[in-house]
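Consider the two complexes below, in which subunit A is the common component and subunit B and subunit C are the respective partners.
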Partner chain A sequence: MINVYVTGIGMISALGPDVATALNTLQQSRSGLGPIHHVTTRLQGRYVAGEVSFSDNELAMLAALPDAELTRTTLLGYLAAREAWQHAGLGPADTARTGLISASTVGGTGHAEHFYQDFLEARVTPAFIDTYDNADSTEFISRRLGIRDLVTTVNTACASSANAIVLGARLIQQGVLDRVVVGGTDALARFTLNGFNSLLLLDPEPCKPFDANRKGINLGEGAAYLVLEAEATARQRKAPLRARLSGYGLTNDAHHQTASSPTGYGLQLAMHQALRRAALPPEAIGYLNAHGTGTANNDLTEGQAIRAVFPDQAPPFSSTKPFTGHALGAAGGIEAVLSVLALNQGLIWPSLNFAEPIPDHGLVPVRTLRTVPNLHHVLSTSAAMGGSCCALLFSQP
Partner chain B sequence: MRAYINSIHSINPYVPTEPVRVGPLTAPDPAYADVLSAGELRRTPRLVKMGLYAATHCLTDAGLSQVDAITVGSGLGSFDGFEKFETSLLEHAEETIPPTPFIQSLDNAVAGQLALRLQCYGYNMTYTHRGFSFETALLDGLLLLNEPDSAITNVLVGGLDESTSTYTNLLEQAGHVKAPAQAGPVERSTTSGVQPGEGATFLVLSANRQPGTLATVRAVRTLFNPRTDWEVTQAITDLLQQQQLSPAELDLVLVGQSGDAAADQKLRAADAFLPVTPREYFKNYCGEYHTATAFAVWLGVRRLNETAASASAPTPTTCLIINHYRDVNYSFILLDRD
Partner chain C sequence: METSITATCAIRGRQIFLNGTLLFEAPEDTAADLSDFLIAGYRHFGVSYPKFFKMDVLSKLAFLTAELLLPKAGLQDRLRPADIGVVLTNRSSSLLTDVVHQQSIAEPASHFPSPAVFVYTLPNIAIGEISIRHQLTGENSLFVTESFEPAMLVPYVSQLLAEKSCQACLCGWLEAGLTGHEAFFYLVENHASPAPTPRPHRVPDVELLYSQPHYS
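On to the complex of A and B.
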């Protein structure tokens, strides 16, 4: 089996426009959540969110692309993918046998909704249908990086970018590609804010994952990508080895369209698969970056899944969503980057806002930034509407 | 890397007796009540119904009650769900909006509901990438069957997209739809615009060859954003070489020209580059949509299994599908009946 290494990471989120800024913010245990500024919605002022603190114009300037008409999802995606590409030390001549697997759930919805009222009233609008879909951002990023060999887009709701990472790893392991940029991008939109609001899943206050009195999600936005490379390719070009993707699991909970099963069965299977592929016992996991959305259903069932997979003792775990918000299609990518950072820094990110354990499973997350000199293996989980479950296992290179 | 198609079912606009028609092509709705309860019929959006129907028939034909994995491609997913929820949000000024259309707007609804109905806990993926959506679902199926530690034997692979009046209207406004006065066979088009279409196709991709096996998938290739027609013909040449086939050994080519003459230029060149084997222009039958190649696979499988019309026109054994979507997403699928 070909070993798959992470050679670069890139991320833009509520924690900052790049990985270095995010690391600094995390080390101060400072949340990126705040009032909504950039989305035109009546929900402004009612909810906090993990917005990226730049306007579309500012993002275009950061990307040095002021002339292109790009959706926020595309701008975020390009900035994070470019950072990952550069972080891996790659340039324009490094596109052979290289792919891009990106994820998005919102795509250009945020752009389309600017014009939808006008469209309904039969007024002339720009051709927003051409940038509405999830592939629009993927294709822009591919063109900019010069990636041609395998380009595609995953949408499995909140597990999307974790699942994109799985496909990328498998393409390398089967020798289809030598290198692949994987991750996802999603901008905050009126559509999704109202969607989660209509499901009564939003917490107006900063979210409290795994707390007995949790009230729901704070939505976020952003983009995160990893460069994965086959061991031989990475070693040949003396690429920096940041981590090894040692295992993964991808399953479906097959329980309900929007709710997880009582035991988190799909998530259990995903975690078991990841451990089995990495040939590691549960006790090898030094940190678990949980999905931990802060909803009643997720944190109860995910906790039960953790209890089932780690019957002797749950590993140190936390949800980083109180830092970033829940960035939907980008969440799995953001948390994969945070998992690699945890390995590289020997740090465990705290679960903010936790006070009281959920009686059913009694799990207590890591509550303050913890230094761990010998962090060898980090597991990251994602779960989604539609039943998608994913577990990614990152190990020291 | 090859696998067998053990069953395939498609809902599509194809009418063999009427190969060329004017205006958007729609797939007649089958009797969804065959596979859905009254309650499900009421609350299931059409795209999901199409998918559940095609998938259910496909599994029945294969004699399967379970699969090991599900991979689905849909270029647009549930645009209808977006339209309904966005309209409701505007009408209710973002207050007390019913959540159902939001849930239904999730692009992974088809794969998720299939997992739910089948109680399939296995691998479950949805790709939403324009003219690569079905191709990635099919490629993923091949990868799954080929994985060294894989216990996977059967993968349910689907490609589906729905044409709605709003979506067609938006395509028209954006200048993508051919004027009715200029309608005609895609291969003779000299004008811009396409005839929008739709369809839902599911197949069982299997590691096991069975007496009822319909075809072999020998290869799936995608090519993103080629700059010249040479790159397209080169991709076909490479594919045939890897498969140790000469172009003359192809005995059916299904060509995905869209009818937009400028966008079709590279595929036309590729079409001309291949020898004079029998060919069909499948978008005359199904219209242009993101997952039209799923229909093309269904058509190819059908042609490979038809009784020969005459001794001079024997049943084909090797079929190449060549496609593009908007001159950006190029794909090549090689099928045979070995």
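On to the complex of A and C.
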């Protein structure tokens, strides 16, 4: 089996416009959550969110594309993908047998919300219609990076970018590609804010994953990408090896569309599958970046899944969603980048806002930034509407 | 170890076929609305699953197709739930339901997003309904493509079976869009001995099964 290495990471989120800024913010244990500024919604002032602290114009300036009229989803995605590409030491000539798998759940919905009424009244087809499609951001990013060999978009709700990472790794392992940029991008939109609000899943205050008194999710936005390369390709060009994707698991919980099974059975199966693919025992996991959304159902059932997979002792674990918000289609990518960063820095990110364990499983997450000199294996989990569960296992290169 | 297609089910127009045989045809006057037609099919086959009525049309279409295919195939007697995968493709994603949700938040005066609608603004939810009903915990994917493309789907599923990510896979096309609907599901299985009616899992065979029966 071909080994798959992570050679570059890039991320823009509520923690900052790039990985270095995010690392700095994480090291100060400073949350990126705050009032909603950039989405015009009736929910403004009622909820906090993990908004990227730049307007669309500021993002366009950062991207050096001031006149391109790009959606926020595309701008976020391009900035993070460009950072990952550069971090891997790649240039315009490095596009042979290279792909881009990008996830998004809202695509250009934000633009559509803005212009749709005018469109209905004016009855002309304006340019924004073409940006509505989820794949529009992917197409733009691939054109800018010069990637042509395999370009596709994934939407599996909250597991989208984790699934994009697995699809990319498989394409390398099966010899279809030598290199693939994987991850996802999502901007905050009225569509998702109102949708999750209708499900009564939003916490007006900063979320408290794994706490007995948790009240729900804070939505977030952002983009994060990893450059994955086949071992031979990476070694040949003496690429920096940041981590190895040593295992993954994909399952369905087969219980309910919007709720996890009482034992988190699908997540259990996904974590077992990832460990089996990596040929590692549960005790090898040095840090678990949990899905930890802060909803009553998720944190209860995910905790039961952790108890079942790690019966002797749960590994140090945390949810980073109190830092970033839940960025939906970008969440799996953001958490994969944070997992690789944890491995590279020998740091475990704390679970902010935790005070009291959930009585049913009694799990206590890591509460303050922890230095771990020998962090070898980090597991990251995602779960989504429709029952999709995904586990990613990153190991020292 | 051999890999074969062991069963098919198709819902087209107002007709339902199992393994190529027409089993149900709704009278023309009851089939104008897709949801009504699928409910007529549900009643005709004596299915009992009240949650069916809460599903959006894409999920109703997926549910009914899988409902007619899976129990008869006896797959679950032979395999563990975690060994059965689901890989579907469609063209219009969840567009029919996206439109309904969008309309519910478009007008400030009648702003009323419904959780029962929002949940279905993702086509994977249809796979979720199948997984919940039949307790399938294997991996699943839904690919959005211009049309039914066996040349893409067959190698993908073959690889899943070859690497033992699953032992069997429910595959096919699940489309409900602004201009029409069509479901064509087939089962692919790894098995030790030859299947009773061997149908190799290859692109031309899937194309042939897809083209038969023809629309009448």
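As a working rule, the second predicted complex is superposed on the first by the 386 of 397 C-alpha atoms of A that agree within 3 Å, B and C clash if a C-alpha of one lies under 4 Å from a C-alpha of the other, contacts with A are read in each partner's own complex, and residues count from 1 in each chain.
Everything that follows uses one rule, which is that a contact is a pair of C-beta atoms (placed from the backbone, for glycine too) under 8 Å apart; a residue touches a chain by one contact, two chains touch by 3 or more.
None of these values were measured; they are calculated from a predicted model.
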Q | Fit or clash between subunit C and subunit B when superposed on subunit A | A | clash
Q) What's your read, subunit B or subunit C touching more residues of subunit A? A) B
Q: For A:198, decide between first (touching subunit B), second (touching subunit C), both and neither.
A: both
(Q) After the superposition on A, what does A:127 contact: first (subunit B), second (subunit C), both or neither? (A) first
Q: Would you sort A:43 into first (subunit B), second (subunit C), both or neither based on which partner it touches?
A: first
(Q) Contacts for A:156 in the overlay, against subunit B (first) and subunit C (second): which applies, first, second, both or neither? (A) both
Q. Who does A:119 touch here: subunit B (first), subunit C (second), both, or neither?
A. first
Q: Check the residue A:395 against both partner chains and state whether it touches subunit B (first), subunit C (second), both, or neither.
A: neither
Q) Which of the stretches 165-173, 201-209 or 237-245 of subunit B runs into subunit C once the two complexes are superposed on chain A? A) 201-209
Q) On subunit A, what residues does subunit B touch that subunit C touches as well? A) 42, 105, 116-117, 155-157, 163, 170, 174, 190-191, 194-195, 197-199, 250-258, 265-266, 269, 384-388
Q) Any idea which subunit B residues touch subunit A in the complex? A) 1, 70, 75-77, 79, 82, 85-87, 89-90, 93-99, 102-103, 105-109, 111-113, 115-116, 118-130, 132-133, 135-136, 140, 143, 146-149, 167, 170-171, 173-175, 222-226, 328
Q. Along subunit A, where are the residues that touch subunit B in the complex?
A. 1, 41-43, 105, 109, 112-113, 116-117, 119-120, 125, 127-130, 132-135, 138-139, 142-143, 147-157, 163, 167, 170-171, 173-174, 176, 190-191, 194-195, 197-199, 250-258, 265-266, 269, 277, 384-388
Q: Could you please specify the touching residues of subunit C with respect to subunit A in the complex?
A: 81-82, 86, 93, 101-102, 105-106, 111, 113-115, 118-119, 121-122, 124-125, 127-129, 131-132, 134-142, 159, 165
Q.
For the complex, give me every residue of subunit A touching subunit C.
A. 42, 105, 116-117, 155-157, 163, 170, 174, 190-191, 194-200, 250-258, 265-266, 269, 384-388
